[in-house]
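Down below are the structures I want you to see.
One chain, subunit A, links the two complexes that follow: it is found with subunit B in the first and with subunit C in the second.
Our next item is the complex of A and B:
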């Protein structure tokens, strides 16, 4: 490719026109917020969080309860004000703007639908407030209900709807005013498992179709892995790690992320001269600085038959097996490494409970975490 | 089995105990016997005719309403007082309930308790206190003092009724409204108010009914020219119980039942 400055003036290749760059749908700069607890102490909910959406992304805020994810969402929607830091929506600072003037809409955890209004008035509420004319509102409401699969339900009362349908009305209502950014506060937690999985797929498809940013809050790591373009793992008011689901799952930056996302076996290792050594003496090549570290072995990396080439092996007693249809989840108690969890494909020849067995893992491409186990 | 029978009997006796006196008053109000109302002497509407100033076959000595104008004057005073007091109490009580429920401020719980206090305060104490207060500040007893005096405790009733309703209205609904672009005033009008409307209506009706039949407190703070219906009836009773009183009581009962039924009707319509 030619260097950029060799193009004649005014003749830029496609996609390189000199227009102003699209502003980020959401940018949070060093957000800080603490609350006073009833006991008189202070609780830091947000401890210097920075986050920037590159484009219309689906970003999930994932963390255990009390990690600050809901507070972060509420500072974006405007229900909480920051002690320090900035919030920019579509390039404009909204830090001091009250909720009703921000160009974002929220799908609330328990939907928060207006019980005294019909489905149509719920969905058209934002437009009604904005003073749009009736015909336009009716058309938009119809369009939104079709989008969420509730066409023709305009005149229903909220109480007549099932939980899943209420969920869809809440979604249609939040999208009706064409927000720059949609915030979703654990919207699927009240649905049963099958419906939840269906909604996960629909939400992801909807986000792609609409081309707006989604900020999705959940404590369900499976939900986060399924739907997100990027996941921000939160704990103690800080972002532990942010990245694509595969990146977070395969190469977690710290023990918290490794432990919170998926099942994990964490083994202490010491690295010297490009080789990592397990406590029982087994070693493998590792591109890691000399010192103590932690090896992450996902349960599915372990197998009964040894892989080609150099492999690590773990011998112990089979303690528990759970059959899920596709897999066997097994627990192996090893003298050298404690309890190991493994996920074996269905059909693997398992010995009886209490017998001795050996599991293997390939010794290449293993991920080391800088932190050491407590 | 026997225990169950006994329980049913107890239940029956309970309702007889509560409602028999009221039922008797209603029956007596149609009794034609002018001398002894405990002895049935045929059906008549004379007592009602008498109240409305119509011609009756009754002699002057059988009745004690000297003039129907006096009676209807008392009814008018009561209605004006009840209407003003209930509207004033409803506005203030609702505002207070909203403030205590939706804003965080120091001593919020203390204020809540303070608001409940007038309801459990003995009427007679409140009556005396109000009388002394009005005299101290040099206010002549009038219809205005009745309205102010009754409002002091009726605000509490409205406060409690509306607070109970507010506790059921999810604050996240108000947040959703703000999130969708509604100003605080729009949110109040379109979301909060419809949510607590049954409570407000209930509080208003309650205040109206209590105001209509309050005797003790009103007795202390009513001026001479401002006789309310309960005070008027109290005055009549001091001259002995005459059958007309049954007709007045029955009409008041009917009025209260109609208002209570209206309240229940509006509430059930809201909840649908």
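Our next item is the complex of A and C:
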């Protein structure tokens, strides 16, 4: 960029007079990392991952265990160094910066609270290390405990707290030093279901309130769908797809994402001249290039009563039903398409197990995946 | 039979035998020593049943019967024993702390083998191991030969029969004592806490001071006490590696019983060591209690 004083006062070339764009809270460029396995081989944990936060987003790294999500988180916090690639936090490269100097904080999976310190010293640890004034630390600790709903618990010992309370202390501790980015490594996995759902809502609200980026690691797809602004689905050290939860659920880019997020029925189709044809001859209009593809039918898209207009129908034998209160989850064994899963609203009239039934799906707006089934 | 009686019977059944054993073979002799320390030495060893405070007066520095000439030679030996025992604790801590850290991070199979190696010296006689050190440290020993061969020194250095040799020998002997309690607390250390500390901005040194050291303090205190107590009363190491030059309180007690045949004075000296140990144990107990409360 040219120095400002080469231009007459008040006159800047186009594009320079407006405010400088806010730097991205986190940018990862082509991150690569492999480990040596105890057997002597190498394991690629990160295979060219690039990720950029547009603003203070809630981004979830979702994937099965061993997909590289935890390694990616640890390269952001600084506990792992990259073989190649860059990590930028708030626009500044931190790739070579040691963990203790990075402006990010982590909520650890098992909380990693300091057992020999009180709640207050745990929460104030980062400020104590930074050599802040005692009164300032006390004020900030009080503020943080209030934020996470533990006001007045300063002097408690860590061992006296319940799992949920420890979780909140870990959160308060990580937020006390005002990080530019909060990293969360499967923080809810140790909590029971009710508490987990409550914490999910609270975390999301907290992220909006604080206005900083959250990077959340989980293998729980439901958790990812509920909380995230965007989800990055990881497998084999690569980002399979990144996007909003609805986008990933409704229009997955590949078979892995379709299969990993939610229940899915995947049926092979062949496309010719704008029409997709199922193996049993049923066809529907599809804006897809000619060739083989895969049709994604979510269980809730199937119904007993045929929808208006053109519809696909699947006849088979009812094999299993699970009643969940709001829905019936059923399994239908069809001669033409194998096993299909369907989610029917509670109250639907179901025939007995082993009897024949027909399910329908609207033939419009169906999503095709480019990949073919193995 | 009521529940309370049954519980009492269980308690007696479980703890009865060891209690009786300790009463007869530990507490009994201790009581005899206490009484002997207040008696007068017999002409050919043993004791005469004449009560006297002169043994304790002699320890405090008055060797004569009228408390006129003050020469605190035994207090000096006692203080020097305290110093040597303390230095033994410090040097075994310096050896064992990093070693325990290292071993606790090994993969399981190797780790068990390393712990076995630490306890291996127990399988060889203490005397044999100490004479091995004599061979290493003496003027014509391996160490001096090596140093002279490398041209680091012209004449052999006096290693043997010095404080250094005694501290080295005691450190060597008590390393397993220090290592095991230390290892116990270091192994329990949560690696995630170390990462959390670093994540929150602490340098390695700050993490060590604020997280690792406090978390392993019980092991440090436990190992130090269990090393200090036998080091304070030890007489084998100073008599083999310290010779006649380095006298510790343990040697003094041994001499009083076996050579000087002054059992009452030996008993009084033993009471001195006992009380030092008791004070130390009470202090440790108080510290542990305070820690448990906070």
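Worth pointing out:
Here is the rule we go by: the second predicted complex is superposed on the first by the 357 of 374 C-alpha atoms of A that agree within 3 Å, B and C clash if a C-alpha of one lies under 4 Å from a C-alpha of the other, contacts with A are read in each partner's own complex, and residues count from 1 in each chain.
Definition applied: a contact is a pair of C-beta atoms (placed from the backbone, for glycine too) under 8 Å apart; a residue touches a chain by one contact, two chains touch by 3 or more.
Just so we're clear, the structure is a prediction, and the values are computed from it rather than from any experiment.
Taken together through their common subunit A, the two structures put subunit B and subunit C in a clash. Of the two partner chains placed by superposition, A:360 touches none, neither subunit B nor subunit C. In the superposed pair of complexes, A:114 makes contact with subunit B and with subunit C alike.
In the superposed model, A:100 lies in contact with both subunit B and subunit C.
In the three-chain model built by superposing on chain A, subunit B overlaps with subunit C at stretch 272-280, while the rest of 2-10, 146-154 or 272-280 show no clash.
For the contact definition in use here, the residues of subunit A common to its subunit B contact set and its subunit C contact set are 77-79, 98-101, 104-106, 108-110, 112-116, 125-126, 129-130, 173-174, 177. If you check the complex, the residues on subunit A that touch subunit C are 38, 77-79, 98-101, 104-106, 108-110, 112-116, 125-126, 128-130, 173-174, 177. Those residues of subunit C that touch subunit A in the complex are listed here as 107, 190, 192-193, 195-203, 206, 210-211, 214-215. Residues 170, 172-173, 175-184, 186-187, 190-191, 194-195, 270 of subunit B are the ones that touch subunit A when the two sit in their complex.
On the side of subunit A, the complex with subunit B involves touching residues 77-79, 98-101, 104-106, 108-110, 112-116, 125-126, 129-130, 173-174, 177.
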